Structures are given as C-alpha cells and as structure tokens.
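Below, each structure is written out as structure tokens.
Two complexes, one shared chain (chain A), two partners (chain B, chain C).
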Partner chain A sequence: MFQNRTEGLALVLPAAVFIAVLFLFPVGILLSEGFKVGGEWSLAGYADFVSKPLNRTVFFRTLKLGFLVAFVSAIIGYATAFCIVNLEPAQRGRVFGLIILPLMISPVARTYAWIVILGRTGIVNKAIVGMGLSDSPIRFLFTETAVFIGLLQLFMPLMIVSLISAMENLPKDAIPAARVLGASWLQVFTKVILPLTREGLVLGGTLVFTGALTAYITPAILGGSKVLMLETLLYQRVNVSNDYVSAGIIATILIVMCFGANVVLRRVAKA
Partner chain B sequence: MKYLLPVCAGLMLASTSTFAKDKLTISVYSFAQDAYKEALYDPFEEICDCDLVIETGNSVERMAKIEANAAKPVIDMAVISSHDALALARKGLLQTLDTSKLSSFNDLYEAAKNPLGDNTAVGYTFYASSIVYRSDLVDIKSWADLLKPEVAGRVSLPNITGTQGPLTLHMLNQALGHKGIDFTKTIDAVAENADNIVTFYSRSSELAQLMQQEEVIAAPLGRFAWSRFSGSDLPFKWAEPAEGQTGGMNVMLMTKGNGNEELAYKFMDYWLSTEVQTRIAMAKIDSPANMKVEVPADVADSLTYGAELINSLNMISPADIIDNRDAWVEQWNNKVIK
Partner chain C sequence: MGQTWASRLIIFTTLLFLVGPFIIIIFAGLSAGSSLAFPPDGLSLKWYLAVFEVESFRQSFVLSMFLAVGGTLTALVIGVPAAYAICRYNIPGAETIKIIVAAPIIVPGIIVGLALLRYLVVPLEFTVTLALFLAHTALVLPYAVRVVSASLQNLRTDIEEAAVLLGCNRLQAFTKVILPNIRSGILAAFILGFVTSFNQVPVSLFLSGPGVRTLPIDMLAYMEITYDPSVAALSALLAFLSIGIVFIAEKTLGFSRYV
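This part shows the complex of A and B:
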C-alpha cells in the first residue's frame, strides 16, 4: 500500500508518540513506584504486600469473582447467542439492540439500580418473602453476591456480542449434520460449537474477565469496604493512605492478571 | 503605522499592571462551594479587591500538594481537620500564626484558639458526632447499643479511614468500659459483630440513602450531615448517648514561606469574624467557632452550636489520632475487614 516503510511509520508516529508520552511513560512511573523502597530499587514492597492477610484475601476474591463472572457470562452468553443467531434477521437486529443498549447507559446508574433492587425493601426481597422462601428479607447488599450480580450484568453483553459474532461465522450445516449423525446437544456443543467459536470465547472471556478485574464503580457501590477488591483497595491506598508504593504494586498485579488471562484463555482455546 | 505595535503593547502592559489584582490561593474541602462562594468568597473579593483561587479536593490530595510544593508553596492558606493539620505541622510545613492580626481571635471558643498547641492553626468550625437512628424501630441510649442484637444486620459504622471512624471507636471504647485510646478490645468487639454490620460507610450521602431505603436503622454521624435526615418523612432521631457526644474541629492554617501572608491574614480574619461566621451558620454550611454568633433555634438545630454543647464534646486529641491511626487501620484491616 505504501511506497516504502518510512511512509507507514511516519503515519503511525504521531499516535505512537502520543501513547508513549501520555500513557506508557506515566504508567511506567506509577508501576515503578512498587519496585522502590526509600528511593532504592527493591522487591521488599511486594514481599510486604503479599505478607498481609487482607491483601491476599482481596487478591483471591478479585480473581474468584473475575473468573465466576466470565464463566457464568460464557454459559448464559452461549445460550443467548445461539438463540439470537437463529432468529429472523429483523428480530435479530431488535434483540441485538436490546443487548447493546445497557452498554450505552452509565455503569454508575446501572449499579445504583441494584442498590434499590437488592435492598431489604427491593423487588428481590419482596419476591422472596412473598413466596415464603424466607421469613425476613435477606441481606444482599455489600456482599460478594451483590458484587457478582452487578459485574455480571455490567459485562455479560460483551460476552454475548463476542459469541454472536463467532456463531454467525459457524457453517450453517454443521449443527444439523452433527445431529443427523446422532450427536446429543451436549456433544454438539462440546464437539462442534465450542471448537468453532473458541476465538469468540477467548475475546469475550478476556473482555469480561479483565473488565470484572478492573471495574471500580460496581465493587465500590455494591461491595463497599466490606467486600474490597483490588481496584477498590488501590483507590483506598491512593486516596486515603497516599500510599503510592502499594498502589503501584496493585496496578502491576492487575495488569499482569489481565495479560495472563488472555494468554491462558488462548492456550486453553488452542488445546 | 510603525508606532502602532509598540503603542498597543505599551497600552496592554499598562492596563495589565493597572488592573492586576493580588491573588490568594486557598485549599478547601469540596463540599458546599456554591454556598461558600456566596457567603464568603465573593464578599471577600469585593472588600480586598483581590482574586481568590480556590483549590478543592479530599484531605489526602490537598495535603500531598502542600507537601510536594513545600520549597515553593502553591497554596497560601488551607482549611483541614485538626489532626491532618498536626500532621502537616510536624513536617514543618506550617507557619506560626500571629494571632494579633486576627481581630476576632478573642471571640473564638477557647478550644479553637490554639488547637495544635503551637499556634500554627486556629479552629473555624466544630462538629458534634452522635448516632442517628429510626426512633420507631429502635431506641439508642448508649454507643454500645450499636452492637446490641436488636440492631444486628441493620446498623452501619463509619470506615476507620474516614474522620468519623476513630471518633466512633473512641466512644464505643468508653461504652464498652475500656479506658484511653487503646482500641484493641473495641476493634475485637466490632470484628465479632462484623457480619451484623451492613457496611462501613465512607460518605454521609451513602448512609443517607441506606437509611432512606431502610437498609440501615442506626449509624454514627457527624452533625454537619444531620440536615440530610432531619427533613425526611421517616422518624429519624439524633441520639444523646449516656457517654455523651464526640466531635471534632476543622482548622485554618497558613503554609510556611508562602509570601502572601498579609492577604492570608485578611482572609482568615474575615472568615472568623462574627459577621461571616453568622452568615455561614445561617446558611447551615458550617457551625461557628466564634462565640458571638447568634442564630435562631431552627438553624441551631442543624449545627453544633453553643458553648454548652461544644465544651461537652468528648473529642480525641489530634496528637492521639496521628500517633495511633496507622495502628488502628492495621488492626481494623486485619480483624474487621479480613
């Protein structure tokens, strides 16, 4: 397309300089804080961070909720995507629009809605008490369950969209052929759909997992300080303790987890 | 034509020098800034014929800025909690105040005159802290009632990292029969009841919402946020516990070597004056530290007002907070948050 490489590089240069100066350089400075103790390069900050039970608890909680949100999103996402790709084109457009719509609404508004829905006087508790499943309202707010529900609602559309895109590329005869040959629906899913849509799953899984790991608003509102996650802990370290060493460490851990998730998902998909 | 450019440049320079105003940079809490503008900033700018540059943010951000620019201060004057002010004073970042330049100094409550003990700050507002509760659902007569079975699962406590957190521990400590500022046993008691506490809130607005939707029926609160509850349709009541009310004070200070001392003194003097303190109190922004301020009963109800109440507040000294806060947070994180 270009006469020589120089032209291509020249076009990329402004964006590359912009990213390097205004993003990579500041992020590098922030992350380097975690490797300094008293101005000297050291890993003591990491050792200290890992030695604290609260930090370990928060790390594993973040990992667990990120995994659960991605896993449940994938299960619901496959079912939803399968239904949508089999709709008539006009209906598919409308339903696809409904899936996309929540992504256009502020996460703050969506998360605040859960405070009302999951509260003692909210619709969920009214239904539970009304159906006689419990004598008194159940406390959902400020629990891991609330954070899980909030994150799932926030990021599941990304998984569904990724899987719809992957399923649209599925050969139309593949599933009927498998069924004619006697495959059960479980076998159709594991032997046909899953292998042929794994790129979509990797993409959706990465988006949902990294989104759940790094979301701040939802854990802050629905979990508060009782259900700290790495991102709310990071905020606390910077804005309450002015502790940039811990903040740098947490940011590094989050970045490594995000890249790690993508690598692991790609390997699982290849396997 | 050839003289046009120099003449214009000369006129611009002249006009700039003629109309250049003195500038005072202040660092304040970000709440109620519109009300402060009307009651304090705009009237002062008219009087001094100067420009106020207002910097807002949370305490940590504002303190970090003062510290980072210690060699060449970018903030002339700041208002902050008394214990945060002490942390700055201990780092040598504050200027000793010449209180003779504050004409209203003698009108201040005694506790506000030299709260840090080294004349680096003067108090400009007090706040009481007690417990707000739903009087139709529960009766609160002691700080220890926050941990009683009747409110289990319906109570919220302030987070230890905020201003109200240590105050609550201080009063719980006394209610549970412990002396001094060793909160270990009280933090243990809170940890035992952690599952019965809905959340550890960070902002009074967050608590107001939880109490409005009946998620929480009792929680410690600063009086400055009482107006969020007093106007509600729900029967909220301000507790008067047997151990008394706690509270705190916010102070004004001047950064060391800011070079703008005269204007800073004028502004501080204006803010502490009976006229301005009354105006701020009438707007229910801040409670007065000036004894001469008089407000009607309905306004006083929203404030921490009057010598009897202020002198009765069971406060923790700023030094105790600064010396022990890290240990409290550490214990809290290990035992309560887990």
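This part shows the complex of A and C:
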C-alpha cells in the first residue's frame, strides 16, 4: 500500500471523471426532468403520470414479470443446480459450460429464436394444429406469456450459476444427515438447503429481477406495443410523443427499483 | 438408479429450454425457402451467404467492431491505472470512487443512451460515431476496472518493491513487473468488454442515427421489415463468433477465473 495520495488520485481520476461527466451528469439531469413542469419544480408530472391507467398497468406488469421470472428461475434453478452439483466432475464441467453458453450469445439472437418457435407458423403452433388441439394457430407472440418465456430464458442462467456456487459450499453430509434423522425432502429443502444457500439465492434473485425489469429487447420483440414494459414505454414516450417528463419519471422509477432490490435483498441475505 | 434418471431428465429439460432455441436458429438459417420456418423448407447455405451481401449489415458490422475494439481499448487505458490506484493506494474517498466507477453497470442502458443524447450529444453537436464511442467506452469501463482489480489483488506486492529496490523507477516497475504479470487479466477484461459492447442494444438505441447503426440495432430494424431467414443466419454466425472467442479465451487463460 502506497501512501502518496496525490499520485493515487491522479491515477484514478481519469476514469472517475470520464464516468461522472459522460454518465452521472446527463443521467442526473434526465431524472430531474420528471420533477419539472414547464420549467418550474413541481410534482405535478408524477401526479399526472400516476393518474393514467396505462402507466399503472405497465408499472405493475413490469413488477409482476420481474417477480415471476425471478421466482420461476429460482424453482427451476434449485432443481437443476442440485442435479448438476451431484454430477461427476467431468460431466459437471460440460453441463456448466452449456448453462452459461447462452450468456455469450447476443440477446437479439436469443429473443429472435422465440419468434421461430412461438410464431403463427412456428413449431408450437404446427404441433398444436397437427395434433388437432386447435383448428387455427393460437397467438402467442405479443402476449405476456411470450415476454415471460423470453425473459426466463434470458436470465435463468444467472440464477443457476449463483445457486451452483452456493450449493458447492454446502457441507456434503448435511442432506444425508437430515434424511437419516427423518426429515422429508420438503423439510430438507426448507430447513437445510434453503438457509445454507440463501446468499446464492439472493444474489441470483437480484440479478434476475433487475435484469428482467430493465430488459429492452425481449419486451420490444415479443411484446411489441401490446405488452409494454417500463423500458419499451420509455422508448415510446420519447420517440412517439417527445414526452421527457414521463421519460424522466420512468427512468427514476427504474433506477429506484434496481437500487431498492439490491439494498433490500442484501438485508434479507444478512438477516 | 431411479434418482439418477430423474436428475438427468431435469438437467436435460433445462438445457433444452436454454440451448434449444439457439439450435433452432442455426437450422432456421439453413432454410432453402424464403420465409422463416422451423423445420426449414429444405437445406441450403444461401442465407448464410446472403448475409454478407447486405450492405447495411456490412457497414454496421464494421461500426460494431470498431466500437467494441476501440471502446474496450480506451476503457483499458483509463481503467488499468484506476484499478491499480484502487488496489495499491490509500486514496481519499475510495468507496465513493468505487461506486462512481461501477455506476454504468447498475443504471439501465436505455436511460444512459437517452441522457447522453439529450444533454451532451445534441447541445455539443457530437457526431453519432463519437457519441456511440464514448457511450460504449463508459459502459465497458466498470468491467475493465473490476477484472483488472481482481487480477492485481492476486499479485504479490513485494515483487514490485523488489523492482524498486533493484533500481527501477515507479513507472518502470509498473511496465516491467506489474504489466507482464496481469497480462491475462487484461486480456480477460478485453474479451469481456468486447462481448458486452458488441451485443449491447439499449445504450445504442437512442444514439444510433440515420445510416450509422450498430449491428444489433440494424438487425432489429431489418426484422421489422422482412421475415426472411437472413437474420437467423446472421444471429447464428454472431453466436459462433462470441462462443469461439470465449472458448479460445477459456482454453488459453482460464477466462472463467476472472469473470
């Protein structure tokens, strides 16, 4: 550790100034726009924003999808991570590679695949019509279900990876011990696995929840203007109606929710 | 035995959900027909080849490459000294500086893109390319600082002191002793930054201007007007590119240690 403070500051300053000027300063002004109406400081923009039913629908939908994606990722993630941790090391490495593979692929490409799968002439509809379950193709695209599926596929690897590293630290004898002592599998999960992997769950949950809240591509491609989320609503407000008050408000909501999720969940992990 | 089969089935189903769509994209791009379908109407490589003929894809690919390489290199030039200072110096306000430098990861990209456009790019009349370059650099900077910091923390501090005792000045100690030792950390930061920047959409969404678009934005625009398999083919090619880069990095550096 060097004690020369000026030298240290000189080294770190370019990066800090770069981000402060190009990042914090413009973002700060954008957030302040939500608190201004006609150049005057006021909360009228917020009151107006909340009074519109569409805005409320989009806000609650975004929150709901964020929770649902995080919750379902956690359920599938626990089952999958548990199975992967119990594999032999060589196999485990290969499966782990396949789990993180989607993270390296462009989200545009990953979301585009769902058009091929869920579209009018997609595999799912071909199967449904082919088996005679329905006479005409069912509309999946531009529904909340499609957005949910897309987001789940996009963010689930983050949950699985967090849970795998948490479970690797689980004492090997803990589960057999609980079983020998008469615990059911449900009890093993709630009394042994859950408390001991809580930090991994919280980390994965934060990543998935904030990721789903702030995703743009998936709701844009799979939801369109029928299933708006906060990010697509923001884009629409700016590009269609040039409404920077709403844009500032949505930006503030998104940032508050992301920071809030980080803070609250970190508390939960420590409690 | 029953338990093993159940566990295999669970892993298989999860992988099918995560990787399956990617396999479908590869095959949808191999279609011989003219509209997007799976299973494809006959097999041909024509859409994979057609991608290279589309002028706007070529232009946006060059721009995305420039942003990913140039932006990440710039981020490293200012990020490596910052990481070094954070790890080795007792700087005032270190915690605040760390939060500032990490901010681009936490703030949603679309907000950053819009804010930059409205309050810096338009008033100062930046060109679209310069705006995109600055935004991509800012976006990659936190990753550069974090990965290089991790690499520096694993490095013993006494070898640097030894270099100084043996007559190096501080700069020489850094370039001759520290830099060669954190080489693979820097390379890992470069690859992570490259992939992040190349696949980035929300930041570029507002900043892209007429005729100047990054490749993912161009693909989104192309998808809205046509329904042919070329976007599937291009998606598959890009995916192979990213996977190839990460695979080579993992084999040569053990990339996953740094991320």
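Note that the second predicted complex is superposed on the first by the 243 of 271 C-alpha atoms of A that agree within 3 Å, B and C clash if a C-alpha of one lies under 4 Å from a C-alpha of the other, contacts with A are read in each partner's own complex, and residues count from 1 in each chain.
Just so it is clear, a contact is a pair of C-beta atoms (placed from the backbone, for glycine too) under 8 Å apart; a residue touches a chain by one contact, two chains touch by 3 or more.
Note that the structure is a prediction, hence the values are computed from the model and not measured.
Engineer: Does chain B (first) or chain C (second) touch A:179, or do both, or does neither?
Structural biologist: After superposing on A, A:179 lies clear of both chain B and chain C.
Engineer: Once chain A of both complexes is superposed, is A:20 in touch with chain B (first), chain C (second), both, or neither?
Structural biologist: second
Engineer: Which chain, chain B or chain C, ends up touching more residues of chain A in the combined arrangement?
Structural biologist: On the superposition, C touches more of the residues of chain A.
Engineer: Could you say whether A:141 touches chain B, chain C, both of them, or neither, answering first, second, both or neither?
Structural biologist: first
Engineer: Give one of first, second, both or neither to describe whether A:115 is in contact with chain B, with chain C, with both, or with none.
Structural biologist: Both: A:115 reaches chain B and chain C.
Engineer: Contact-wise, after the overlay, does A:53 reach chain B, chain C, both or neither (first, second, both, neither)?
Structural biologist: first
Engineer: Of the two partner chains, chain B (first) and chain C (second), which one does A:226 touch, if any: first, second, both, or neither?
Structural biologist: The answer is first: A:226 touches chain B but not chain C.
Engineer: Look at A:240 in the shared chain and tell me whether it touches chain B only, chain C only, both, or neither; answer first, second, both or neither.
Structural biologist: In the superposition, A:240 touches chain B alone.
Engineer: Taking the stated contact definition, name every residue in chain A that is touched by chain B in one complex and by chain C in the other, in rising order.
Structural biologist: 115-116, 119, 121-122, 238
Engineer: Within the complex, which stretch of chain B touches chain A?
Structural biologist: 58, 60-61, 63-64, 153, 159, 161, 194, 197-202, 206, 209-210, 213-215, 329, 333-334, 337-338
Engineer: Contact residues on chain C for chain A in the complex?
Structural biologist: 7-8, 10-11, 14-15, 17-19, 21-22, 24-25, 28, 35-39, 78-79, 81-82, 84-86, 88-92, 97, 100-101, 103-104, 106-112, 114-116, 118-120, 134-135, 137-138, 141, 145, 157, 195, 198-199, 201-202, 205-206, 216, 219-220, 223, 231-232, 235-236, 238-239, 242-243, 246
Engineer: Provide the residue numbers of chain A that touch chain B in the complex, in ascending order.
Structural biologist: Within the complex, chain A contacts chain B at residues 52-54, 57, 115-116, 119-122, 139, 141-142, 224-226, 228, 236, 238-242.
Engineer: Write out the stretch or stretches of chain A touching chain C in their complex.
Structural biologist: These residues of chain A touch chain C: 1-5, 7-9, 11-12, 14-16, 18-20, 22-27, 29-30, 76, 79-80, 82-84, 86-87, 95, 98-99, 101-102, 104-110, 112-117, 119, 121-123, 152-153, 156-157, 160, 213-214, 216-217, 220-221, 231, 234-235, 238, 244, 247, 251, 254-255, 258-259, 262.
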